[in-house]
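Once you've had a glance at the structure underneath, I'll fire off some questions.
Think of it as A, B, C and D in the order they're written, each chain with its own count starting at 1.
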Amino acid sequence: MLVTAFEPFGGERVNPSAAALHALRGRSVAGHPLVTSVLPVSFAASLPKLRRLVLRHRPCLVLCLGQAGGRANLSIERIAVNVQDARIPDNTAAQPIDEPVEPGGPAAYFSTLPIKAMHAALRDHGLPGEVSNTAGTFVCNHVFYGLMHLLATEPRLAHTRGGFMHLPWLPGQGEPSLPLAALTEGIAIALLAAATHATDPKLGAGHTH
Amino acid sequence: MLVTAFEPFGGERVNPSAAALHALRGRSVAGHPLVTSVLPVSFAASLPKLRRLVLRHRPCLVLCLGQAGGRANLSIERIAVNVQDARIPDNTAAQPIDEPVEPGGPAAYFSTLPIKAMHAALRDHGLPGEVSNTAGTFVCNHVFYGLMHLLATEPRLAHTRGGFMHLPWLPGQGEPSLPLAALTEGIAIALLAAATHATDPKLGAGHTH
Amino acid sequence: MLVTAFEPFGGERVNPSAAALHALRGRSVAGHPLVTSVLPVSFAASLPKLRRLVLRHRPCLVLCLGQAGGRANLSIERIAVNVQDARIPDNTAAQPIDEPVEPGGPAAYFSTLPIKAMHAALRDHGLPGEVSNTAGTFVCNHVFYGLMHLLATEPRLAHTRGGFMHLPWLPGQGEPSLPLAALTEGIAIALLAAATHATDPKLGAGHTH
Amino acid sequence: MLVTAFEPFGGERVNPSAAALHALRGRSVAGHPLVTSVLPVSFAASLPKLRRLVLRHRPCLVLCLGQAGGRANLSIERIAVNVQDARIPDNTAAQPIDEPVEPGGPAAYFSTLPIKAMHAALRDHGLPGEVSNTAGTFVCNHVFYGLMHLLATEPRLAHTRGGFMHLPWLPGQGEPSLPLAALTEGIAIALLAAATHATDPKLGAGHTH
């Protein structure tokens, strides 16, 4: 199992995804040791690093984590879209506007993780979770789209499932926030649910808008 | 120009889109008389009605309007996704979960309206606007996806552009809200910008998540 | 009638209260010409300026306006509290923490304006309004408390009623926001309701927290 | 040490304050065993029950807990106000509007707990906390005001300090929410800080509005 996080961005000194991943290093989930890596917040450098990791480890499952400041829940992403529209510069000062992640690629890819099973597992453990229908248009979505495009087009990865989860701020970064222990526990629970569900239950978790 | 709204749903007595559309009846924008229609909040009945209207009028431009309770801005949608996941029943008690709008259709369609030009026009008139990256997974997204699929696949509509805009609540429905006058003015401004821009300016309006 | 606003603060370039007050200059409400003034965002200088204005004009009614970035409604304040606790420095770099506005003064003063009548008037005109139970602990509350203390202790002002109303951001400052026209109309409506209601109707507008 | 919570209200089946208090039963803080009690959400019955408990136990410290659905943080209240304005009926169908908690009482009482020390303790433990300047106008504020009035006027309680803390929803009740473990830990941390600080540090925790 490959789990990635991002370094801090936008002038912040921490990224909850990296903090939580650090706390998870060395763990196993459902018998699979976690391979962990922190990606750069860079349109140019993030995907090449992720691709190398995926092709080297050929994991059964890839979960990329990112920060979603302002969201209240561990936020399981449903869909990645083929657009880059950067409200702020990335950490290398790149700021693409309305450019595709993958020229000629489809408009979007759905996550191949069992997002409803992951959502139900968080709920059953008393943790705040949600299914989200947008991963934004910044580096998080860029990595999520690039991952799904790789898994869809690379035959050696035909058995690898992939997805993305956004995390709220840590206390002190802004509001709302969740304590680090809740993030760490939530990631482990979501990974276990993903590893142990081949298909998704029919559970409503949509949004009216 | 065809502009549609929705009837009330979810137990509410008003829908800001229908209220604003009512106020716009009889107007012209950029020399085009507005054809207006209120669609049912029904997965089964909304798209057939919209398809009939589009094929009968063959407008240069279709803008569908809907309610997004909880959003603060006139919210120009970027992308429609091929999924129905109804958190609440529609007005006929249908509540599909994780079914496609169009079996075999692409995962998503981008709006073909100049969303950045519309966004800039709202800003230039002192109105609160935003580009949104999700229209949800309820009847609004259903209609938006169905519209874009129709425009993409029906040769007689090769010159029709289409898109979707969500509106905040009216005062009294919930918070945040915008007065009816602001909604009505904003729709007219967005339509004018859409009618007069063949292509989109390079203006950042993305989200980090 | 005396109506005051504040200059911009916290690094912002506009203050919706000053923008709206500018648009109201020269108007009369219920036959009373409006006396308008913009106060400095300064713990030291704001109240002396307000006191001079009130004592010079001896108005029937004083309404002070301020910015409440993050609020969605025209926000009629119920109560001023005897504390200064500045999260950010004022425009003169003063940042008092847990000091009273008026040493020895009561813990709080209630507004003497008919806040429920003002609230109902906004609602009846389709504008987003609310009764708020906190004006914060910065210069807005400082001015509100100082005004009410002056009206309570200065015999020459026995017939002057006073209160405070916070305004949301203007579009472009942040979210949620209201267009300038909505703010200006709302202030005029609230003033008219205050001028024409000697007592308050029994209308619920409380908060559970 | 006396710690109280509230039963569920407003049609909800749980109240995070009661759930957290249940988890804390039998504990001691700073050598003081916790006396715990769940109060009815009733304007008529809550204060008599609290008064009996306080007079019987004469604790060094009273902390009342309540639910603040929609808040993101453990929310330490600064001030109680002498008004009842019920947006919804209490659990006995009483719904007072603009009536004082204590006729002839002062407009407000400040908490006598070291709210800044409690706030700093939450922060230092990585938990989301805030100082709030309004406890609303429902039964929570009613109990808070009644407690402070009792402590201010009853000579036998001259050494008892009192205050109030609001808690966010639990997951499943609404958003934002905090897991039960975070609430329970936060209450214990706040109690310890209150018990061990006779005076408050000069730490800014105000709001601009």
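In the analysis below, a contact is a pair of C-beta atoms (placed from the backbone, for glycine too) under 8 Å apart; a residue touches a chain by one contact, two chains touch by 3 or more.
Owing to the predicted nature of the structure, the values given are computational and were not obtained by experimental measurement.
Counted as hops between touching chains, the shortest connection from chain A to chain C is 2. Computed from the mean C-alpha positions, the centre of chain A lies at a distance of 38 Å from the centre of chain D.
Chain centres here are Cα averages; for chain B and chain D they lie 45 Å apart. Rounded to a whole number, the gap between the C-alpha centres of chain C and chain D is 29 angstrom. If you draw each protein chain as a dot and join the dots that touch, you get one closed loop, with every dot joined to exactly two others. Here chain C touches chain B in the complex through residues 72-73, 122-123, 126-130, 170-172, 175-182, going by the rule given at the top.
Of all residues in chain B, those touching chain A in their complex are 9-10, 66-71, 75, 78-79, 81, 83-88, 95, 97-98, 106-110, 116, 131-138, 140-141, 166, 200, 202-209.
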